[in-house]
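Residue numbering begins at 1 within each chain, and the chains themselves are lettered A, B, C and D in the order written.
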């Protein structure tokens, strides 16, 4: 521009300016921060209790996180589009039961997983249709479907339950088996996570999810098929909740009408701790997954340290508060640094 | 101002009045409402099924209402109110909270409805009688005995309970501690009571924590069906399978697999259907005037004669121990 | 009804007898328009005349109630903005439509990123293409910077870059220059001329008439949603155009009354906000209009925000009639008689989902009160009075302000603040996006207010406006006050010199 | 308003109000055991905790925020009440202390939201766990039931043989105060502005942070009041009192047409929503509708509550368009 005084460093020479690298670094830093907290927590626990990081211990940590990681991955996709899916817990419960009844009748394990995913997709679609076609607040609609799906589940399941003895041995063993310390389930979750993250970063439709979360009106004007994308996000979220249901079945070998009750708050917490912002448009699934890992690990760390379970809830809450507060303070610092750097004449 | 002391001095008033007539005719055509802690809970469903069968046999009718969550105390209160409004003749209630239901139950009794609690009691003055699944003392002591045998009377043990506020569990645990004072358990050390809140995942993680915190742990007692099931599932998929013993209260259907795969040797429970059956019969006996809930009164249920104990407690009897030999004979 | 004459090559894009209503509001009535390749066509009309609505109809945002959109002579139906875009129509909307969380490069290429194998996005080419666009516009903006925090001008530039990146056959621009200063406008026009020479059709909207004459060949005028004329600009004067738009002759544009300044009303002393502005001192007297000029980003808005208390200042002092203001407290500033008409009317000036009545009432929550309760009668009459005084064009005073045209929204913001009866009025870009007619009214209003003793601080990027209205001109450059120029000496040259830092401060 | 007939007619809060009346009338006519004073007093008594919290929650949601920690605050003040009572403190000292505690809880939420600029949803999910956890630490496994009879009677009893619980009267007073504050005072007006556009409200000289802080504090106060009422009404102070109440409150408030984006809604609608859900549950229980089916009905109602107004609006717009043409 003719009127502006030139900057010291011409922009064109460096592929990424200082501002961007800062932003990039910070976004990574957010995830890094969770990772550091996580690592610190593990180290402290290990020092306090040498049994903690045995092969079994690591396996337990990973297994505990798996289901939440899956659901949180799906949830972050929805949250990125500035929506929310509160019905995931109910979906998880009903899918797990569907897979369980099928297996109970002597079904094939792979088909059972498929069935659970399909069930999840169906409810995801329902949510997506209501939210995108009805253009109504996601919070209300999915709170509604949370109740509806839970109710249907309870009516259908009644007082029946699926127990480990109803399930094929292979299925249940798969739920706790793995390659040394790495459980199969964790590998599946990891694969889903990496694929989702790659999709979000490198595919047009993935970026469009961020765009429409960032500014829905602008997304419409940019010709982004908003409804289709929201529908897809919900469907994906539902599918992962369904998959998580199947995993729950394999892992716990036990499903009844209460399975997954109240799970939505845990999932939302994981997503929030992971830095996926509720106003949409920012955050990453890796963050959400780390958030999930952190949250579930707290529940393993405290008992391993011999902290009475009376304290667990309070500590959980305070850690959650700390996580978001620290995150926010860092973000504010960075924003002001960014502002100073970018001030045109500053 | 008013303090706890002042209230204590007011003194508790007796709940029951009137005279029992042991020979009174059993009334027919009554309606007895069952109000479990939670509908859809397999345990309560079997219990209530037992009640239903008994009522059918006695020529009365059965209904079941209840909240869908075991922690929705307000919901349970409103169901007491509903039953009162529907003017049932008696209700059998398993209380989520010993105090919370009181006002509503008293209101019901004022309206001429007989109240029996089963499985989980309220304060004594809020009901006519309590049908206990087995005396708390028996349960607590036998669980310790079961485990002690399995671990040869030595080593560290832990308890995995339900919620910290679970009345039943707390009483049982007290008796467990009492039993452990016996010199024959001198080599057994109770290291911790953990709480899994009757939530599968939490119980799971609490079990993990126990094993990590106490690597030498020899056994776990879980006096809750949810807890024992979760603990068994964890153990059976871990390196501790068969090495760490597990016992407690579980249903045969839940535990069959773990008994067969060697995770669990033996556990115990009463037959919930019998509990429901007795609750129903006690309710009908109350309405019929055979009993009023005073200590020492007796009534016949089926072939057995039950005597009402202190505070209106009717005890079902000793629990059944399940192991690999007998488990296939049961289906609940 | 007469139709625009069809001469020369076939129009790329045309509207034929299009009507569009929003509820009871008839925004367009039987409007026709033809856009030819290689021409820059102006669309003129007062605020609320229907210009933006027309554009949104062309862009597939609105579906016409009646009439047709013709592409290359054939009727088409655009089911959404995507259809129009695929047909080669690029649009810059009146309000920037950016994704604040995404980078500038992503903003520009959203939905049509360069792809690699398997449909993956080619991030590198996206980055490079953005750099190239920025160079073409002569702007230094980092393609990887998030759009959040960009100034309105920079947002507008990103919008322009976005539209250019299409290599569209039709470029439609709804007031793209409203937030830009002269040099940026010049740049933009350079680009537009190139496009025109390459055979693109351009539809251009601006309330700055001189811009229309500078770059457009033909003009279509709308009045109250109706088509008035489509004609060549050759031989037309600004007055002719205004007459078409307004339907009558206009009053003088800058009716500054000479007032003898009174005592100091607003006094700003050594005000500093670190990294934003430094050591700013000035006075505004009763009856005086002081202009605050500067390039975009010079820090004028920031000073105004700090004075009013929206942002905290790090050092310095602000006082109104000798009474010092509390740092960072708009409510006490208001109580002292200060009013701020903010720069961004949609985000800062108005609660878009609230009614006109309530929006104006919002500044009167302390005054339209009886015994602690809202006095609804007083609130309504206060709002009605000012809406009428400023000639806001609305259907019902209880309608939400987001149904108003941009200019009318601006009037509501003015009404809201004038209703407080301020002693000191700070106006930040008061006539941005306002049509000539209203602009004159706003100017007369400011002038009258000054005559009544109000001290006015007017921030504006519209230099003629500053020169026409201000008794004194303050100029900012890089966060510092670089010059104070009395009316007699204020010219484009002196002000620009100070604004670009060329003058010795 | 005379110039507003159309949008007035389709306002959702009116619909909910009408629905409530219809449900009540039908139940009086056709449901055994509904219409008598005792049942009505049950209905009101059991709905009161939700209604009490719905008052500040409505204000909070109108201003664009939410507090999910209310049930935990209620639980915490109940737990502290129980613990102090066990210590032998007089109830007259305990109650003010608990209320103060509620104020502190609310203040913590408010400060985190306003000072740090954190989203209230996230903050209050955190304090939801934290407060409940503290309650657990304070009271542990105790269940305190032996509160003084006159207090228990006040919280659970009704006036003579009427359908009005004693506690309903103070609630009506609080309701009146809240209605006036929200709809007839500058404070309420500013809340609507804050909810619809916080920045614009700030530019209009509204002290956004202060108002929000006040609201969170009031919410904490009301939540602890509810906690005290709960413990006395059910004669039971346990750390897990009122668990999950937040979802009931949110559902009822949403049903009443309060927009979670902020800036819209009326208290009348919210309270109608609360009592509509309460009445429906009461009726369904009396009709032996199972708890599971009741959950489904609640869910369907919620979905309808957002789809309904939207459909209505579309019809209205279409009609207006036809009229204008």
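Just so it is clear, a residue touches a chain if its C-beta (ideal position, glycine included) is under 8 Å from a C-beta of that chain, and two chains touch if they have at least 3 such contacts.
This one's a predicted model, so the numbers in the text were calculated from it and none came from an experiment.
Undergrad: So which one's got more C-beta contacts, A-B or A-C?
TA: A-C
Undergrad: State, to the nearest whole Å, the distance from the C-alpha centre of chain A to the C-alpha centre of chain C.
TA: Whole-Å distance between the two chain centres: 42.
Undergrad: Where the centres are mean C-alpha positions, what is the separation of chain C from chain D, in Å?
TA: 43
Undergrad: So, what's the distance in Å between the C-alpha centres of chain D and chain A?
TA: From the centre of chain A to the centre of chain D is 30 Å.
Undergrad: Two-or-more-chain contact residues of chain B, please, as numbers and ranges.
TA: In chain B, the residues touching two or more other chains are 39-40, 68-69, 164.
Undergrad: For chain D, jot down the residues that touch at least 2 other chains.
TA: 136, 140, 244, 290-292, 295
Undergrad: Would you please name all pairs of chains that touch?
TA: A-B, A-C, A-D, B-D, C-D
Undergrad: Which residues of chain A touch chain B in their complex?
TA: 49, 51-52, 55-57, 60, 64, 154, 157-161, 163-165, 172-173, 175-177, 252-254, 256-259, 261, 299-300, 302-306, 309-310
Undergrad: Residues of chain A touching chain D in their complex?
TA: 130, 134-137, 139-141, 143-152, 154-155, 257, 262, 265, 268-269, 272, 277-279, 310-318, 320-321, 324-325, 328-329, 332
Undergrad: Quick check: in the complex, which residue numbers of chain C touch chain A?
TA: Touch list, chain C to chain A: 59, 61, 80-86, 91, 93, 97-103, 106, 110-111, 113, 115, 119-121, 123, 127, 131, 134-135, 138-142, 144-146, 149, 181, 183-184, 187, 275-276, 295, 297-298, 477-479, 500-501.
Undergrad: Per the contact definition, I'd like the list of chain B residues that touch chain D in the complex.
TA: Residue list for chain B touching chain D: 1-8, 10, 39-40, 63, 65-69, 71-75, 77-79, 81-82, 84-87, 97-104, 107, 123, 163-167, 170.
Undergrad: Considering the complex alone, what residue numbers of chain D touch chain B?
TA: Touching chain B: residues 32-34, 36, 38-39, 42, 46, 49, 85-86, 88-93, 136, 140-152, 156, 230, 233-236, 238-245, 281-282, 285-286, 288, 290-292, 295 of chain D.
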